[in-house]
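Presented sequentially are two complexes of chain A, the first with chain B as partner and the second with chain C.
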Partner chain A sequence: MIEYVDTLLPYITTILLISSIYAIFSLGLNLEWGFTGIINFGHVAFLAIGAYTTVMFNMSGFPLFLSVIAGIVLSGFFGLLLGIPTLRLREDYLAIVTIGFSEVLRFILLNEQWLTRGPFGIHGFERPLQDVIPYQHYNTFLLILYLVILAIIYLSLERLVRSPWGRVLKSIREDEAVPSALGKNVFWYRLQSLMIGSAIAGLAGAMLAFYISYIDPNTFKPIETFHAWIIIILGGTASNKGTIVGALVFCTFLSVTQFTNRFLPFTAHQMGAFRMIVIGLLLMLLMMYKPEGIFGKKEELALSD
Partner chain B sequence: MDILSVKDLKKHFGGVKAVDGCSIAIETGTVMGLIGPNGAGKTTMFNLISGFERGVGEIMFKGIRTDKLSPFKIARCGMVRTFQIPRALTKMTVSENLMLAPKTQAGERIWDVWLRPRRVREQERQIREKSRDILEFFEISHLGDEYAGALSGGQKKLLEMARAMMIDPSMMLLDEPFAGVNPTLARKISRYIRELRDDGMTFLVIEHDIPAITKISDRIVFMNEGKVMAEGEPAEIKRRRDVLEVYMGGEG
Partner chain C sequence: MQLVINGLVIGSIIAITAIGLSMIYKTLNFVNFAHGDFVAFAAYIALFANTSGMHLASAFLVAIIATIALGIFIEKVVWLPMRRKNASRTTLIIISIGFALVLRNILIFIWGGSTRNYDIPVRRGFEFFGATITSNQVLVIFAAFILVFALHYLLSRTKIGKSMRALSDNVDLARISGIDVDRVILWTWVIGLGLAAAGGVLYGLVTAIRPDMGWYLLLPMFAAVILGGIGNPYGTIAGGIVIGLSQELSTAILPTEYKFAVSFVVMALVLLLKPEGIFGGAK
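Let's turn to the complex of A and B:
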């Protein structure tokens, strides 16, 4: 029994850690897509910018906390840079440009070895309070820290989307002609949404780097963006609570199916594909029977009409 | 003084000359009716004036050239429009639709949401109160908490007008405000428009219902095939043979 608990607890800790990182990453996308209607297929780029900036600032001598702030700010700034030329585009073009942006960024990370060490990745950087917390308790500490950060992000976002500011975002999501006719600067609001969503992804990037204590360009493939999409569709578009639950469900599923491997006649590679097929089927069923997601509101379904 | 003047305005869609050299001027504190058969170019005229379409020609609103400005900037100058096909925000409640409208809300700035929460709350309270009054006037206060998607066509029309009223604009462009609205309420709205006009608000109203529009308008512009064919007081317009022919022609 004791042994069982000994292996189970670290396992649950791991799932919760990954879930909290994905939850924050997806909350950023949920602000952009769920509340503002921005189709961003390059969200992972900001995860990468956050992770690399934090790590590189820290390794060049900045205190860890300031490095994380730099990662957040720079991610938001790149959101601004990406948004200025693209947010006036039609939705489908925006989708293409953003995914292109994230892939170009990944190739820069791969090829500019003088800056990023390219495919070898970066490790050996500092982690929060690593000298203070005993090694065997480190993940527990990290989990508590991440849950606190998640709570802060969640409460801040809830406050924002329920404010008049959030009301403008929701009006843009549905029909931007209306807020325009009422004198709201739609472009500026979409830009703000993209900046904040990107900054949140940047924070998630720093958290990811601390957790796996190693980053390389292939950590930031486009599939991560689509994981976030799956999570917010699963949890319910435009529901922050749903996004968190979606992240938990998704990460638990990914993790648990790593064990079912033993019972199925698949190689590891086939198993990866099999998991995606199962997720695809689950999403299709969800769309058929509960299209608004676990916590979404039917009346606010972003895909309807 | 003219609050709005339009000079030689043109908008062509391919070969269709939707608006073809129109000039009109509207005096502050008056109601101008805009009539004409279907396809005359009335809605396109609204789109040009409110910045939703770009055309050729000069538009001056309150002494400012507005023909190159984006819609939201024109709205901020104090002009608000409604749409012929009502654009209710169906995924928001009726009162949210109204509360969206007022300009310079502190809570629309992110830093004020954090730094001045009391001011934001107080303003929200005032805006909510105002939206209740306006909903009551339009006789849809029982629908305040409904999603606007649940409203009928006529109710959406009212919602749009109510939302525009929330801004206290200096000029309102109403595109067929009475279409689908019951006659009693339509009369009430007409009365309200006249009251607001007496307080100094200016209106440009597209309407098909000739008796209704002649009753509320100080002047009427008659458009056909993208051109202004006649302009004058309602009594004059009613006497014009060409106007009558276009309108009555179809009906025999």
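Let's turn to the complex of A and C:
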């Protein structure tokens, strides 16, 4: 029994850690897509910017806390840079441009080796309180820290979307003409939503870097963006609670299916592909038959033209 | 000169694969993110037929038929029901991404993630104004020409082709003038995916076959579509050639890894400055 607990507990800790990172990453996208109706297919770019900025600032001598802040600020700033020229575009153009942005960023990270060490990645960087916390308890510490961060982000987002500001966002999602007729600067609100969402993704990037203690450009492939989309759609678009539950369900699925090849006659890479087939089918079926997800409300879907 | 030839070869492949993307985009009013994976699917079917002993020419036909069959199947079980439900553009885009994941990973599941090649003899290239051209490259350009002329004949001379153009010009107008919209949409898939499949097999001839080849073709194809004006097949062809050339010529001054970024920058500029396309596209 004791042995069982000894192996199970670290495993659960791992799932919860990954879930909390994905939850925060997806909450950022949920603000953009769920509450404002912005199609961002390049969300992973801000995860990358947050992770790389934090690690590189810290390695060039900045204290860890300031480096994380730098990562968050810079992600938000890039959100602004991306948003200014593109947020006036039609939704399908925006989808193409944002996904292209994230891929171009990944190519830059891969090729500008003087800056990022390219495909070799960066490891051996400082993690929060790594000298104070004993190694065997480090993940437990990280989990507590991440759950606190998740709670803070969740509560602030809930306050934000219930505020007058959040109501303007929702009205933009429903029909842009109405808030602009009331004198609201729709473009500026959309820009703010993209900046905040990107900054949150930047924070998730720093958290991801600390957890896996290694980053390389191929950690940030477009599939990560779509993982966040699936999490949001699964949990329920425009529901922050749903996004957190979606992250937990999704990460548990990812993790548990790593062991199912004991029961299925697949090789490791076939299992990986099989998992992605299931994820793709899930995305299709959800969009076809239950686009409002588990906790979402049908009337809050930003899908009507 | 070498870069120009490489650019023309890649450009003609982008052109013929992107025509389907463009026509579907306009007719069904959504971006099919799975289009590139149809291209890859065709290359793998040709690879499978070829390595199990079939001549590449017949493998080519098998691949086209299989890809069209898959496309019709998806039209019947996914796109047609979704159109009946009046699904929004965003819904369709997300579904197409889901399908792209499914299709790409089926390829990885069956054939693995590594690079593959057709079972054909490797021939030496010949010299042409100081550049080397392989016979496969000549074949690609030649085949692309034939396909483009066939398409032109179809669109300008046959009833179905004219209906397709009418539909991609204005769906409502086409409907009230008595065109059977669902049937023409089916034909648009057949022609578009047939061309995409042909492009996929040809692409496998000049480069290698990889499960993510469709993904890396997708952004250049989008660029060609937007450059040429959505729904305009002739504009798309011109756009494809321009993108192919600019990708290859960029390698003279930039690292080759940035080829992909070049098409993105060209596309972003067109979207921001002249979203209706350069080549007299539709509004």
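A few points about this structure:
Just so we're on the same page, the second predicted complex is superposed on the first by the 292 of 305 C-alpha atoms of A that agree within 3 Å, B and C clash if a C-alpha of one lies under 4 Å from a C-alpha of the other, contacts with A are read in each partner's own complex, and residues count from 1 in each chain.
Definition applied: a residue touches a chain if its C-beta (ideal position, glycine included) is under 8 Å from a C-beta of that chain, and two chains touch if they have at least 3 such contacts.
Keep in mind it's a predicted model, so treat the numbers as computed, not measured.
Within the superposed three-chain model, A:His269 lies in touch with chain C and out of touch with chain B [touch as defined at top]. Residue by residue along chain A, chain B and chain C are tallied for touches, and C comes out ahead. In the superposition on chain A, A:Arg159 contacts chain B only, with no contact to chain C. When both complexes are overlaid on chain A, the residue A:Ile39 reaches chain C alone and has no touch with chain B.
In the superposition on chain A, A:Leu147 contacts neither chain B nor chain C.
Of the two partner chains, neither chain B nor chain C is touched by A:Ile212.
In the superposed model, A:Phe226 lies in contact with chain C only, and not with chain B. Judged by the touch definition given at the top, the superposed model places A:Val168 against chain B, while chain C stays out of reach. In the superposition on the C-alpha atoms of chain A, the part of chain A touched by chain B in one complex and by chain C in the other spans residues 305.
On the side of chain A, the complex with chain B involves touching residues 159-160, 163-165, 167-168, 170-171, 173-175, 177-186, 192, 196, 299-301, 305.
Partner chain A is touched in their complex by these residues of chain B: 50, 52, 70-73, 75-76, 80-81, 83, 87, 89-92, 96, 99-101, 103, 105-110, 113, 120, 124, 147, 149, 163-164, 167. Considering their complex, residues 30-31, 78, 81-82, 87-91, 93-95, 97-106, 108-109, 112-113, 219, 222, 226, 255, 257-258, 260-261, 264-265, 267-268, 271-272, 275 of chain C touch chain A. Considering their complex, residues 39, 85-86, 89-93, 95-97, 99-101, 103-104, 107-108, 110-111, 223, 226, 229, 233, 269-270, 272-274, 276-277, 279-284, 287-288, 291, 302-305 of chain A touch chain C.
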